[in-house]
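Each of the next two complexes has chain A plus one other chain: chain B in the first, chain C in the second.
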Partner chain A sequence: MNAIVLSAIWGVVMMFCGAFVQNKSIIRTTAITGMVLLLIVHLLDFNGVHFFTIDTKNMLQFNSFSYLFTAIAIGSTLLYFLLSAKDMENVGIELAEYFALIFFITCGIALVSSFNSLLILFLGIEIISIPLYILTGSDKRNLKSNEASLKYFLMGSFSTGIMLMGMTLIYGMSGTFYVDRIAEALSFQLPAYALVGLVLLIVSLSFKVSAAPFHFWTPDVYDGAPSVFTSYMATIVKAASFIAFYRLLRIGFADTHYQWQLIIAIITALTLLIGNITAVFQLSVKRMMSYSSIAQAGFMMLAIVSMNGFGKEGLIFYAAAYSLATIGIFAVLIKMKDYTFEGFNGLAKKEPFIAAVTAIFTLSLAGIPATAGFMAKFYMLMSLVYQGGYTWLIIIAILGAVVSVYYYLRLIQAMYFKEGNAEMTPVSTGFKVTLGVLAALIILLGIKPQLLLNYLHF
Partner chain B sequence: MPIEQYIFLSLALFTIGIVGVLTRRNAIIIFMCIELMLNAVNLLLVAFSKMHHLKLMEVNPNAGTEGQLFVFFIMVVAAAEVSVGLAIIVLLYRNTRSVDVNFLNRLKH
Partner chain C sequence: MSVTEILFYSLSAMAIGSALLVILSKNPVHSVLWLIVTFVAISGHYILLNAQFLGIVNMIVYAGAIMVLFLFVIMLMNLSTHKEAKKNKWLQMAGVLSGGLLLLVIVASLKGAEQATLVAQTNEGSIGLLENLGKTLFTDYVIPFEIASVLFLSAMVGAVVLGKKTETTKS
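What follows is the complex of A and B.
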């Protein structure tokens, strides 16, 4: 609860800051201070110090799963601020408003990771989506950004409509919006209307997490949006939608999983195939990263197919590993002059440190052992093996991981083994240190995943 | 009236909305179709709310009110969405002098 209240308040503080303060470095410092404060307050909340006790009529339910994910989301946002806050100045003049919107999104993330009522799920998803429409279109003179924003907006509100219809049908059959009471009311078999409602909910949440065949907006939107905000959209926000997806099905519909599991399994297989295969043919690194985010979404969907303890641990771990690595790659990408693979040619000679950390991020995304990405993929496959059945899905997932190595290693090949003149805007020492911290975190989590997962069981 | 008729009416409105979103090319009309979808949901929510109320009136006089509360939240969020959406459409109109979504296909490559 601390994080929800404070992030909403700090969003308003940032807006006032934008109205009264002209100095950009003061605005930036205020935002970073806010995020640090949010992290501290949230960790206190995790350890039992509650500043706000609000009777939410059980609409919000906090447990270690939701606390841990919110902590990961706030921590990643802090790292993202440290790395990319300077680049936000290049997007437009409304710097403080961008920070304010990100604080509001953080509030939405805290809501969707702890909801127990469909009302809160709906509000949380909307609080996340509406600021994102604005951030996507924030580069106002750029036609590509406008188009991406309109496309995202139309797709997003369309899927919201579908989601609401699903919620309404489920309400009609169960008589309640509380997810745990829905589970009691519909515990043996879903009636036809409720099943249609659940399928509509699955479709709309697949839109939000960009799972195939509802992924078609993703590459265009991620490509058109300003790169700083793509980084945020593709990582933390996407992971939050996954947590909401998992929580909804786990609490509300675990007993009737035999009725919907196959649908999710097919969506997962399609996502893995389409994401990985299309990513191979991309020429621009930014576009490759957006297809790779679809492919990684396929891996995260495996937790929703298997629905067991390994999947729960794996999803949290995957969210952390994927967010850290992708934030790192995007932070480097924003500094590059040319977004194509050729633009990275010969980076290792010019900026050896940056090339090395980028290589670590890329290897983590590809799932090479001793990085966090490997352990994340391991947990996902382990949960599915443990569940039994779905051998075909495991095979597809492993093949997908093999294909993904190809396009991730292309980036490393460009940096290390090709001659070229990679151009990069000069970077500060602080930026390099933060990147180093990110890379160290990824390797640390890859060697000792228990450091993170122990918090899930206390 | 039996609940089936309400379900039929709002599913019909919802389907009209979906078909409109998928076939129309004008951004404003697509937008109106999305609003139609949301209003179909509102209608169905109120009908279900009334149904649950009549069913459980003796046990709990407040039964079914949460459905009507949900409608208010949908209205508020829809209004917020309209303000952002129209701003985006205006932005696009300033740059291209058109609100046709056909040109969105240019992003594809």
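What follows is the complex of A and C.
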């Protein structure tokens, strides 16, 4: 609750900053201070210090899972601010408003990771989506950005409509909005009507997490949006949608698992195949990253297929590992002059440190041992093996991971083994230090995943 | 047949008929006008369920404000019937197919649905009355109510961000 209230308040503070403060570095500092404060307050909440005792009528349910995920999301956003806040200035003049929107999104993330009512789920998803439509189109002079924003808005609102339709049908069948009571009401077998509602919900949430065949918006939107915001959209927000997806099915429909498992399994297989195969053919690193984010979404979907304890741990861990690595790569990408693979040629000679940390991020995304990405993929596959019965899906997932190594290593190849003159805008020491911290975190989590996962068992 | 039933069936026929006309009429302005009829019919349903407030709000907000916006947009864009973009035939077929499938599934599940135990209380019941609505909104549903304000605030900030004139920077 602390995080929800404070992030909304700080969003308003940022709005006032935009009205009264002209100095950009003050605005930036206010935003970063806000995020630090949010993290502290949230961790206090995690440890039992609640500033607000509000009777939520059981509409919000906080447990270690939701607390831990919100903490990861806030922590990642803080790192993202530290790395990329300066680059937001280049997008447009409404710097403070961008920060305000991101604070509102954080509020939405805290909501979707702790909802227990379909009403809150809807509000949370919308609080996340609407600011994103705007951030996508924030580069007003750029036609591509405008197109991406409009496309995202139209398709996003359509999928919200589908979600509402699904909720209506489920409400009609169970007579309640509370997810846990839905589980009680529909515990043995989902009647056909509720099943239709559930499928509609799955469709719209698959859209939000960009799972195939609902992924068509992703490359265009991620490519068209200003790179700074793509970084945020592709990582923290996507992970939050996954948490919502998982939470809904875990609390509400775990007993009727057998009825919808196959649908999710097919969506997962398609996502893994389409994401990985299309990413191979991309020439631009930014576009490659957007397809790779679809492929990574496929891996996260495995947790929803298997629906067991490993999957739960794995999803949290995957969210952290994936967010950290992708934020890092995007932070470097934003600084590059040329977004194609050729643009990275010879970076290792010019900026050895940045090339080295980028290599670590890439290896983590590819799932090479000793990085967080390996442990994340390991947990996901383990949960599925433990569940049993989906051998074909495991094979597709492993093949997908193998293919992904190819396109991730192309980036390393360009940086280390190709001659070229990679051009980069000069970076500050603080930027390098933050990148170093990110890389260190990734390796630390890769070696000792328990550091993070222990908090799940508070 | 009681008066309520007659009203219910005629309102339903009106809603479905005008909804069909919305998608069938070629002229976009006609579509919007039929949409207004649909909304009026649905408002009638709300009033039949003794939810007067919802009925009136539906009328004011949807049939009033939003429809006016729609009409303005259509008139500003000057959509004429001739300029309709040619659609891909395969795309059309795929659309018909998937829409038909959805219809089939929904109808099939409706057939299988058990008779609901809670029957809609037409012309009686006080759930939809303004007083009860206000009480529930500010006691049981106060959290979503407050959270919705964050949603609107962010939408408002967004509208300002997108709509504000970019000051031409020196240089």
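The rule we apply is simple: the second predicted complex is superposed on the first by the 458 of 458 C-alpha atoms of A that agree within 3 Å, B and C clash if a C-alpha of one lies under 4 Å from a C-alpha of the other, contacts with A are read in each partner's own complex, and residues count from 1 in each chain.
Definition applied: a residue touches a chain if its C-beta (ideal position, glycine included) is under 8 Å from a C-beta of that chain, and two chains touch if they have at least 3 such contacts.
What you see is a predicted model, and the numbers here were worked out from it, not measured in a lab.
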Exercise for the section: Kindly classify A:L119 by the partners it touches after superposition: chain B alone (first), chain C alone (second), both, or neither? Expected result: both
Practice task
Answer with first, second, both or neither: which of chain B and chain C does A:G175 touch in the superposed model?
Solution key: both
Practice task
Answer with first, second, both or neither: which of chain B and chain C does A:A148 touch in the superposed model?
Solution key: first
Exercise for the section: Have a look at where A:A321 lands relative to chain B and chain C in the superposition and call it first, second, both or neither. Expected result: neither
Practice task
Based on the superposed arrangement, let me know which partner A:I93 touches: chain B (first), chain C (second), both, or neither?
Solution key: second
Exercise for the section: Once the structures are superposed on A, label A:L195 by its partner contacts, choosing first (chain B), second (chain C), both or neither. Expected result: second
Problem - First (chain B), second (chain C), both or neither touched by A:G137 - result: both
Completion exercise
Both chain B and chain C touch chain A at residues 119, 123, 126, 130, 133-134, 137, 140-141, 172, 175, 193
Problem - Touch list for chain A against partner chain B, complex - result: 119, 122-123, 126, 130, 133-134, 137, 140-141, 143-144, 146-151, 153-154, 157-158, 160-162, 164-165, 167-169, 171-172, 175-177, 193, 220, 223-224
Practice task
Name, in rising order, each residue of chain A that touches chain C in their complex.
Solution key: 4, 8, 11-12, 15, 54, 56-57, 59-60, 92-94, 97-98, 100-101, 104-105, 107-108, 111, 117, 119-120, 123-124, 126-127, 130-131, 133-134, 137-138, 140-141, 172-173, 175, 191-193, 195-196
Practice task
Using the touch definition up top, name the residues of chain C that touch chain A in the complex.
Solution key: 105-106, 108-110, 112-114, 116, 118, 140-141, 143-144, 147-148, 150-151, 153-155, 157-158, 160-162, 164, 166-167, 169
Practice task
In the complex, go through chain B and note every residue touching chain A.
Solution key: 3, 7, 14, 17, 21, 27, 30-31, 34, 37-38, 40-41, 44-45, 48, 51-52, 55-56, 63-64, 66-67, 69-70, 73-74, 77, 80-81, 84-85, 88-89, 91-92, 95-96, 101, 103-104, 106-108
